[in-house]
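Both of the next two complexes hold subunit A, though its partner changes from subunit B to subunit C.
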Partner chain A sequence: MFHYLKVYCQFLKSSISLFMSHRFNFFMGALANIVWTIGQLISIRYLFLKIDRFQGWEFADLVLLLGLGQIYYYLAFVVFDVNLDRLPRKIIEGDFDRMLTKPINIKFLVSCERVAIAQIIPLLVTVIPLTTYGLRSRPDLNATGLLASLPVVALGFGIFYFVSLSTAALSFFVADVQSLRDFVLRGSLNLVRIPLDIFPKLIQAALTFVIPLAFIGFYPVRVLQGGASLVNLLLIEAVLAVVFYLISDYLWRVGLRRYSGVG
Partner chain B sequence: MRKYLFLLKNQVSLVAAYRFEMVSRWIMSAFDTIVYVALWSLAAQGDPEQIRKVFLYFVLFYGILHGLQTGKVAKWMAEDISSGQLNQYLVRPINFPLVQVIKSVTVLIVRSLVPALIIAVGILVLPDYFAPVGVPNLILAILFALLGLVLWNLFMILMGTAAFWVTEIDSLLTVVDLTLNLFKGAYIPAFLFPAQVSRILSFTPIPYLSAFPIAVYQQPITTSTALFSLAIIGSWGLALGLLAALTYRKGLEHYEAVGG
Partner chain C sequence: MSQPQIVAKNLSKCFRQYKKESGLGGSIKSLFRRRYFEIKAVDGITLSIDEGERVGFIGPNGAGKTTTLKMFSGLLYPTSGALSVLGYQPIQRRKEFLKSYSLVMGQRSQLWWDLPPMEGFILNKEIYEVGDDPFRKRVGELSSLLGIEDILEVPMRKLSLGQRMKCELMAALIHQPKILFLDEPTIGLDVVVQKRIRAFLKEYNLNSKVTVILTSHNMDDVQELCERIVVISRGKIIYDGSLGKLLQKYAQRKYLKMVFNQKVAKVDLEKYGHLVSYADDGLSATLSVDRVQHTRIAAEILGRLPVDDLDIAEADLKEIIARVFEGRR
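Moving on to the complex of A and B:
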């Protein structure tokens, strides 16, 4: 464990050097994300100038949903998506062979080789104000509710890591996998901003069990609102985490065997 | 002209080879449509007419028009300029920006085909939701959408020429694109913009990229509005065209002086 921590520190150091040498591009990338979030915030504000609330959801709740969705988006990109996105290219260009020769867990190496330092900026600039505003605007907010929603978010994050790892492993089987990743991990993430209540039951079930987006934003907010059973949620999340872990593990094992076989 | 048509044909085969990517893009557009229709239907507060309007607005926006305005022209120009691939174009009797536009338009044609087909079927099966206000409006909407595409590509050529002076324009493009999205009506339906904002925007090229063609599709248009819009589009087209040609020439001089 300590060894992996030391290696991760080295990855972090080299990522900081890389960030410093391409400051302009990285800052512009961060700025783009900030602009997008501001655009979303303006649209929600404008919507709530026309309506007061719907099905128990108020402006602050939607801001909180947006904030939580952004936490996942940026944090995932900072920690692992920046690397997993590059796996297909590494396989095609043969760079993956170099990684296989390293005396370290290949999934760790593929997931954590680089840290997207620049995305920490929008994480701090947009997510903190959004979630703080969303939380402070809740009159019934208490420490218990806040603490209870944290494991829901954390487990949701874990589940999505395994989803991301699984889709990355598909690179061993098909060449054009980035589009699928974009669709599952970016496109669908748009739906995090919408309370699931307004969708039909079938879509709600799909966004809970197939692409488990609901655990990133919707259910944590529901827990804060007191509208969801924490124990049931954590149980479902634990089961989903195991299922998605097993899927990712299977795809990686078969994928690596196939990769070694092809050469 | 024949060489450009040949390029167009080649590009179609190339794009068609990446079917998986195309399908993913369609699904992502569908997601965007669902999100914004779901959100803005709430503002309609149960008024079925308004809900239909919001639905059709976002179907047209994310299904067709948003996809037509990609940063590919600028991105490809920048890549070729930075890598020195531009040299290959300079020694041939071929127009470099035009080649990038043709390449980009091919992608867009293939990409828009299925959404356009879905809308066409929708017009036949669910005319209340999909049909334009009249056939002349449909023709005018297509015409204005094409003019919007011309404006967009001129702007992208202008952005692409920035690569003569700076090494990387990708992130700059994203910032510009996202900022424009707010005013184009990607997050808030343009017909819900405050009147003052709409009035100011009508003098810029922004509404003519997406919002105006959709408005023409959805509601009757007066001759004076159509003529005013054509005048604004024409003025901006001329200005952007001249500016793009000038910066491209200046950029080439800079490129040749410094070396590719």
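Moving on to the complex of A and C:
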């Protein structure tokens, strides 16, 4: 474990050095993300100038939902998505060979080789104020309630990681899986920034059990609103995390066996 | 006698590929129905390699050299056969096995393009769990041997191809591997850098007893570095032995390069063998003669013609290898 921590620290240091040598490009990328979040916030605010509640949801709840969705989005991008997005290219171009020769867990190496330092900026600039606002507007929430929601967020992050790892593993079977990853991860993530209960039942079920990204935004906010049981949510999340871990593990094992490199 | 480090028995690797007809129609067809076929990249290879050997794998493109190397290093699952490298089954990718070798690919980099090589070495230090003191010592030794002490802090993208290759080699040797796999290590490098890299590898092999296994299309690499040559064609080993024996087996002729102190007529030379080159002034010529007869013919020429200088040369290795492959077609 300590070995992996030391390697990760080195990944982090190298990523910071890389960030410093491409500051302008990275800052512009971060700025684009900040502008996107502000645009979303303005849209919600504009909507709530016309109405008081949206199907039972108040402005602060939607801000909280947007904030949570963005936490996962940026955190995932900072920690692993920037790397998993590159896996198909690495396989096609033969760079994956180099990774396979390293005496370290291949999933760890593929997931963590680079840390997207630039995305920490929009994470801090937009997400923390958004979430703080959303939470402060709910005086019924106390510190214990917030602490209890942390495992929900952690398990949700685990589900998100294993879904992302599974879709990345499909690169061993299909040459280009980027559009699938965009559909599953980005498309679904856009949907879970909107209250799930406004969608038809079929979409609700799909976002709960097929691509369970509702567990990283909608359900945690429901628990904070008092509309869902924390224990039930934790249990379902734990089961889904295990299921998606097993799926990702299977896909990686079979995928590595099929891997043929490039000529 | 040392124990073999690599033992392969009847090792094979097949790839499944699909054929796509050309044009838009072909693309649409292949979307619905693909015609698959199997390629036997490696076909029943059997060999063993001892500790400290320098072995060159040569063969035309697609012969199966790199596929063999990738099976040895655990990147590819063999389709059939048995393989043991340092007592491990490579494909299990055990940590101890992965720590005991290095793979350098001439066309791929393991160091980060935008960062100085030192960052990559430190990363390898952590990944391979090399201690601080041994690491510092290794960096000092290797950078001085390779002559790259001054560029360790310069971003990779600012280095020349030769400097980058030296850095790649250094990154591969930080953890003192027992086996070094080199896939086309001198590709694209100029002659001077090629020579330096070959000299380094030879010296390193002699000092550290690391086993060096190399694939190359550059016959100078093979001639200067490898004591043993494995010639692969269509996935099969067609020759495995020393360079000298390869020449004996396939080079049936030798070349007599002569300089005369007075003009010698063409007809006087053609009696001894095939005239490969003849200077207009008649003062120098090259003869191709039968390998078995070459000493007798050379002695005869020295006795009968006004020879100032005579050099007996082997056929060019490239030609011999080309002849070996042509014979297989």
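We take it that the second predicted complex is superposed on the first by the 258 of 263 C-alpha atoms of A that agree within 3 Å, B and C clash if a C-alpha of one lies under 4 Å from a C-alpha of the other, contacts with A are read in each partner's own complex, and residues count from 1 in each chain.
What we mean here is this: a contact is a pair of C-beta atoms (placed from the backbone, for glycine too) under 8 Å apart; a residue touches a chain by one contact, two chains touch by 3 or more.
Just so we're clear, the structure is a prediction, and the values are computed from it rather than from any experiment.
Colleague: With subunit A superposed, do subunit B and subunit C clash or fit?
Modeller: fit
Colleague: Check whether A:Leu246 is in contact with subunit B, with subunit C, with both or with neither, and answer first, second, both or neither.
Modeller: A:Leu246: touches no partner chain.
Colleague: Looking at A:Ile128 after the superposition, I want to know if it touches subunit B, subunit C, both of them or none. Which is it: first, second, both, neither?
Modeller: Touch partners of A:Ile128: none, neither subunit B nor subunit C.
Colleague: Of the partners subunit B and subunit C, which touch A:Gly29 in the superposed model: first, second, both, neither?
Modeller: The first partner, subunit B, only.
Colleague: With the two structures laid over each other on chain A, which partner does A:Leu47 touch: subunit B (first), subunit C (second), both, or neither?
Modeller: Only subunit B is touched by A:Leu47; subunit C is not.
Colleague: Using the touch definition from the top, say if A:Ile92 reaches subunit B (first), subunit C (second), both or neither.
Modeller: Touch status of A:Ile92: no partner.
Colleague: Take the Cα centre of subunit A as the vertex and report the angle out to the centres of subunit B and subunit C, nearest 10 degrees.
Modeller: In the superposed model, the angle at subunit A is 90 degrees.
Colleague: Spot which of subunit B and subunit C makes contact with more residues of subunit A, would you?
Modeller: Subunit A has more residues touched by B than by the other partner.
Colleague: Closest Cα approach between subunit B and subunit C after superposing, in Å?
Modeller: Scanning every C-alpha pair, the shortest subunit B to subunit C distance is 5 Å.
Colleague: Which parts of subunit A are in contact with subunit B and also with subunit C?
Modeller: On subunit A, no residue contacts both subunit B in one structure and subunit C in the other.
Colleague: In their shared complex, at which residues does subunit B touch subunit A?
Modeller: By the definition above, subunit B touches subunit A via 18, 20-21, 23-25, 27-28, 31-32, 34-35, 38-40, 42-43, 45, 168, 170-172, 174-175, 178-179, 181-182, 186-188, 192.
Colleague: Show me the residue ranges of subunit A that touch subunit C in the complex, using the header's touch definition.
Modeller: 3, 6-7, 9-11, 13-14, 17-18, 21-22, 94-95, 97-98, 100-104, 106, 257, 259-261, 263
Colleague: Applying the document's contact rule, which stretches of subunit C touch subunit A when the two form their complex?
Modeller: So the residues of subunit C in touch with subunit A come to 15, 62, 66, 70, 73-77, 93, 95-96, 98-99, 101-103, 105, 108, 110, 112, 114-115, 119, 122-123, 126-129, 155.
Colleague: In the complex, go through subunit A and note every residue touching subunit B.
Modeller: By the definition above, subunit A touches subunit B via 24-29, 31-32, 35-36, 39-40, 42-44, 46-47, 50-51, 54, 174, 176, 178-180, 182-183, 186-188, 190-191, 193-194, 198-199.
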